[in-house]
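What follows is subunit A paired twice: with subunit B in the first complex and subunit C in the second.
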Partner chain A sequence: MNTNSTKPRWLKIDWKERFRKTPYLLGIVIVILLMILLGIRNPKYLRFMSLSVKLKSWMPLLFAAFGQTFVILTGGIDLSQGTMIALVNVIVVQLVMYFEGSVQGIIIAVSAGILVGTAAGIINGLLLTRLRLQALITTYATGVIWKGLALAVMGEPGGKVPMSFYHFFSGKFLYIPVAVYLLGFSILLYFFLLKRGIITELKAVGGSTMAAFESGVNVNSKKVMAYGICGFFTALATLAIIGETISGSPLAGAGYELEAISSAAIGGASLSGGFGSPIGSLFGGVITRLINDIIFFYGIDVKYQQLMQGVIIILALSFGSLLAKSLSRRDK
Partner chain B sequence: MNLNINIFSKFKNPTVIAAGIAVLLLIIGEMSAPGFASFPQIINMLTVASFLGIVAAGQNLVVLSGQGGIDLSVGKVVTLGAILGGAIANGMDSGIIVAFAAVIMATFFVGILNGIGVTLIGIPPLIMTLSMGIVVESISRFITGGLAVKGATPFMLKVVTGRFLGIPGIVYIWIIFAVIFILFQNNSRYGLSLYTMGSNSEAARLSGLNVKWIRILSYGLSSMLAGLAGFLYLGYLGSIYNISLGNKYNLSSVVAVVVGGVSLAGGKGGYLGVAVGCILLQFLESFLTVQSIPSWGREIIMGITLLVLLTAYARETKLRQ
Partner chain C sequence: MVPLLELRGVTKRFGGVQALSQGDFVLNKGEIHFLVGANGCGKSTLSKIIVCALEKDSGEIFYKGKALNLSSPAEARRAGIAVVFQELSLIPDLTVQENMFLGSKNQGMLGFVDSKSQKKMCEKALARFKAVLSKDICPETPVTRLSTDERQIIEILKVLIREPEVLILDEATSSLHTTQVEILFNIVRELRDEGCSIILISHKMKELFEIGDRATIIRNGETVATVDLKSATHDEIVTHMVGEELSSSKNEEREISENVLLDVRNLSAHGLKDINFTLNRGEILGLSGLQGQGQSELLLTLFGNSSDFRGEVVLDNKSLGLKSPGHCVRDGLSYISGDRKKYGVFQIRSILENTALAYIRKKRVHLFSRKKLKISVLPILERLSLVYDSLDQSISNLSGGNQQKVIIGRWLMTEPKILLMDDPTKGVDIKTKEELYTLMKELCDAGVSILWNSSEDQEILKNTDRVLVLNEGRIVDELRGDRLSEYELYKAAMA
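Now for the complex of A and B:
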């Protein structure tokens, strides 16, 4: 007791315990470090204006990673996310063009997009649970189907969305960028689900499906819900992409599923399920994007960019895994 | 009565189902487009399938090792194998041995790194191998410098595409490879250990198997076989213009493994089924190409077929039993 009271306050905190309870704490630390690195090289980068522009361009990945995490928590994976983005993208753009860019038309198109995304997610979940299939390979198969459907709706990149769409996404409301509101809405939704105990149930399903089942959790409906939520956020990611590109493409979103999954892993989610947080994945997504910027601002030759990116991701993952190992060792 | 049950269990065997569907595809294909099931056409399809067959063998090992084992770097490693081999051999037969050895060693090394990341550091296999794929692709890009690699030597071309009795060399290579590989899987110490630890890793470790080393070796072999496939692919194509050449093998090798009856949970399924799975996938792809269906329709049919195949036999057990 005596020695404790003489120690400064920050030493009293059990950091190991802290890390274990908040899986994204490490993510926050890395984000701050990367921000400092960028700030040293280019102080303008940290200005509010430039950061809000950046945030807007990160939105698609952040939404995708956020949604993907719900699935990962249940021990699943959604490989169809990339082509789901393509499907929602072409449907929204075609509808907007069909209604000739009128405001009502845009509202209908956006709602339809969100519905399609959520429905696609629920279909994934239903196939997995009703037919008892493996997530990895099933979502790969549905991903192929989404791609076919997207190509059926729009054969090649094209179409045009009114500039109002772009202005809305890059606009501000009460001095705060719209992107921040959207992120805030997602985080609120997460806390709502957390308060209702749904997140805990999702983690229980991922941690031990059998134990969750035996303690009365409706495992199947929880899984379907997770995939539905993933589809919903994938649709939001698509809207953010359209806000950037203001055109349609059946190839939009290629590779997003993998970036989203690795963002979730960097953000502290366990890919075998049961551990992690969608908020951590947001930090994971920011880290993924910041690494690209660091490579750019530190003037690394374009030739080495991809190599650096890969090596940094592997190092970040190794660090995270080793840390997680050393934390769990104390339990035994 | 007993006989009936035996016949029924034969039909439940994934290899038999996959082979049955492959034959069915040939028959329907022949009816709708005469010549689909002709001998040269079948040989063409087998030729294309043989590269996937060699890649899928490695994937088979990694999936068997269990604990979510999967190697999604194989696609990029195939490209690396082709490009590295081409760059070293540079079209001359004298350099072929050096090129072959370099490809095998480099790709084995990549796989060992994957294995170390997965077992010793504890990175999830899916993410580890995908990230490794990024690194491997950038290395391939270094080697080419953005230019086409024209490196197949006359000997390679002759071995891979040269025909004996109307069948190209690569098909013979695949058959010999398959026989050796199946023997290796079922008789070698390593192969048997793989099945043991795939079904229960902890039990295997407690009974004295060096589980970590076996897993690392599986990743190494998987990558090495992908490199070998890439080297042979170079002999098939003659030159490499496209850095994304091998990407399709990433997921199609996984699909072939699952269609062939290997459990993604590990410990179950052998190479015979996987080889049939590769043939089935190729038949399906050619079948959909021959039917004059627009590309989007082909994608949808491909996806639905996969789901049907999965439902047919890759189902998990019920929670309530």
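Now for the complex of A and C:
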């Protein structure tokens, strides 16, 4: 007891407890570590300008991972996310071109894109709950459908979106990049759902469907809701991609679903459902991108880049799972 | 006076089994009412029907004088009838507070969660059990970190904070310690005095007389009597439970060698405490008592499923390691489960494959000819008088009883010294059951010993030489000869 009082303050904090309460704390720690590694190699990387440009380019993945996490919380998975991006992408670009880039046209196109994304997510959810299909294979199949629809809307990459799109996403408002506002909006939405008790119910569905049902949670509507939210954020991810490429492509977003799922896992979400946080997935997404940059700035031979990337992801994942294991153990 | 809750002629059937044939039950306002009965008599079925966790086939339920028609447990809770089931319904990754309020309406402004008042209510509820919960439990503790008894308490509190008018506790005390039960009973008494009615399902006679006002006894799916616990006696209740014993057809006494085959000394493991018994060569030894008192755990431990057992198990003067089922098979043990789908049958695969599997593993045959294998399987299946078209027929096409025969055949091929059977006749038709009993006796006459557990009390009393009665993981009595009766069994099991 006496030795306790002589300890410095930071030693008195119960770190185990802290980590448990904020599952994404580990993500923050890893982000800081990677940033330091990058800063040592290339101090310019940590400048405000360079970071805000980076953040903008990370936006699509961050939104995708953020949305995917809602589905993962319920114990589901959305493999159609990548091609959903393609579908929303071509619809938005075609509409913008149809209205010849007018402001009203852009508003209509963007709203339509968000509606299509959300609707696609809800369709996923309805198929799973009404027909009692498996999430993995169903969303794979709907993913193929989205791709087919995207190709029907726009056969090959092309089209052009006004530069205002680009300027909006890379712009600043009151010295703060627009990207930060968009992320802030997402986080606000998350807290809104949290305060309405919906996040708890989503976790309950993922943790134990039967127990959630017995407790009076409407399991099916929560699942549909999760897929709908995922679709909504997938649409936002698409808009961020258009802001980067300012053109349309039926091939946009390929592979995003797996990157998003792995980001969520790195961010502490359990793929069996019931545990995790969309905010953690944001850090997971940042980590995924920082790993790419580290490989780039440390000049690792192109031949070994993929190898390194995979190994680092495994390390990040096992670090998290080992930590989770030690946290769930009860100290006697 | 109109009773608070009344059931008239409620029935329920599961496939071929009539779980409840005549459910009549009257619950008054402000009473503690026990439901008692033997294993599988329909107590839980009755309570599940009340809250619509199961749908009734026929009959009527009246609540406050009006017919009650529910469609889910959640709806029952809104009507004021809440139940704490035996199976835990907490979500591990959520916190205590989140679990307690899951599914309840948000009380805060504009339909938001009012986490502050929730926390206060949660702390108040936890305070009632403060003396018996670990000190570090607070509303933010995730349920994964709680022990089984603590989870059971949270489960009870989850129901209590909704202030039900009818509270059903289905064996809620079985995982609690004595001091925890005391606190729970104090709360139950308080609730009764406030006008709440409580239905308790319990196997402990002591509890019955300690806090019960009335008890309804169920026998074979029929409510046979309701007694006032102030005047009733222990014997009266057991007699109601057992009924008049039908022409207690004594099992013929078999000659058993004095040769001890298996000697279990001071065996303790998860759910088992200090088990001592011997099994003679050619003996049929039954495990009985109320369900879930360690019978299955004992069989599984003897088959190498428990990593941290203490004590000694000696087979043929050789101490067993019980490291894994594989080791146990090589030592001459075999295990047959009543849960065939999960632990027995390989669905779709052929009868041949299902029969020869353990034999191939035990003999460590690496290369074998199909023909030879078929030849070695045939005499075994003939001995079991299994009816089938061809050995390549899928096992899924066989009836439950015949599937069980194939599994017995699988183990007979390994020439086991001991058959461990956990409720092997579950879902088996009557004719095949009789065949299995005869087979068991034949096997034992040939020198095999059988240690088995059954959820049907009559079948185990009839088809064993001796019965060990288990209660809370301990052997509390041994029945043999004239004492092999249901009356003696329940007297020992419920003491």
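Keep in mind that, in the parts below, the second predicted complex is superposed on the first by the 324 of 332 C-alpha atoms of A that agree within 3 Å, B and C clash if a C-alpha of one lies under 4 Å from a C-alpha of the other, contacts with A are read in each partner's own complex, and residues count from 1 in each chain.
The rule is short, and it goes like this: contacts are C-beta pairs under 8 Å (C-beta built on N, C-alpha and C of every residue); 3 or more make two chains touch, one makes a residue touch a chain.
What you see is a predicted model; the values in this text were computed from it and never measured.
*Asks:* Pick one for A:275: touches subunit B only (first), subunit C only (second), both, or neither.
*Replies:* Touch status of A:275: second partner only.
*Asks:* Is A:210 contacted by the first partner subunit B, the second partner subunit C, both or neither?
*Replies:* In the superposed model, A:210 contacts both subunit B and subunit C.
*Asks:* Could you say whether A:29 touches subunit B, subunit C, both of them, or neither, answering first, second, both or neither?
*Replies:* So A:29 meets neither subunit B nor subunit C here.
*Asks:* Of the two partner chains, subunit B (first) and subunit C (second), which one does A:107 touch, if any: first, second, both, or neither?
*Replies:* A:107 contacts neither subunit B nor subunit C.
*Asks:* Which partner chains sit in contact with A:136 here, subunit B, subunit C, both or neither? Use first/second/both/neither.
*Replies:* first
*Asks:* Under the stated touch criterion, name the partner, subunit B or subunit C, that contacts more residues in subunit A.
*Replies:* Touched residues of subunit A are more numerous for B.
*Asks:* Identify the partner contact of A:40: answer first if only subunit B is touched, second if only subunit C is, both if each is, neither if none is.
*Replies:* neither
*Asks:* Give me the intersection of subunit A's contacts with subunit B and its contacts with subunit C, in residue numbers.
*Replies:* Touching subunit B in the first complex and subunit C in the second, residues 210, 270 of subunit A appear in both lists.
*Asks:* Residues of subunit A touching subunit B in their complex?
*Replies:* Per the stated touch rule, the residues are 77, 127, 131-134, 136-138, 140-145, 147-152, 155, 209-210, 213, 219, 258, 261-262, 265, 270-272, 303-304, 306-307, 309-311, 313-314, 317-318, 321-322, 324-325.
*Asks:* Flag every residue of subunit A that touches subunit C in the complex, lowest number first.
*Replies:* 20-21, 195-197, 200-201, 203-204, 207-208, 210-212, 214-217, 270, 274-275, 328, 330
*Asks:* Contact residues on subunit C for subunit A in the complex?
*Replies:* Against subunit A, the touching part of subunit C is residues 53, 72-74, 77, 85, 88-94, 98, 101-104, 106, 111-113, 140, 142, 144-145, 158.
*Asks:* Applying the document's contact rule, which stretches of subunit B touch subunit A when the two form their complex?
*Replies:* On the subunit B side, the touching residues are 68, 70, 117, 121-124, 126-128, 130-135, 137-139, 141-142, 251, 254-255, 258, 264, 294-304, 306-307, 310-311, 314-320.
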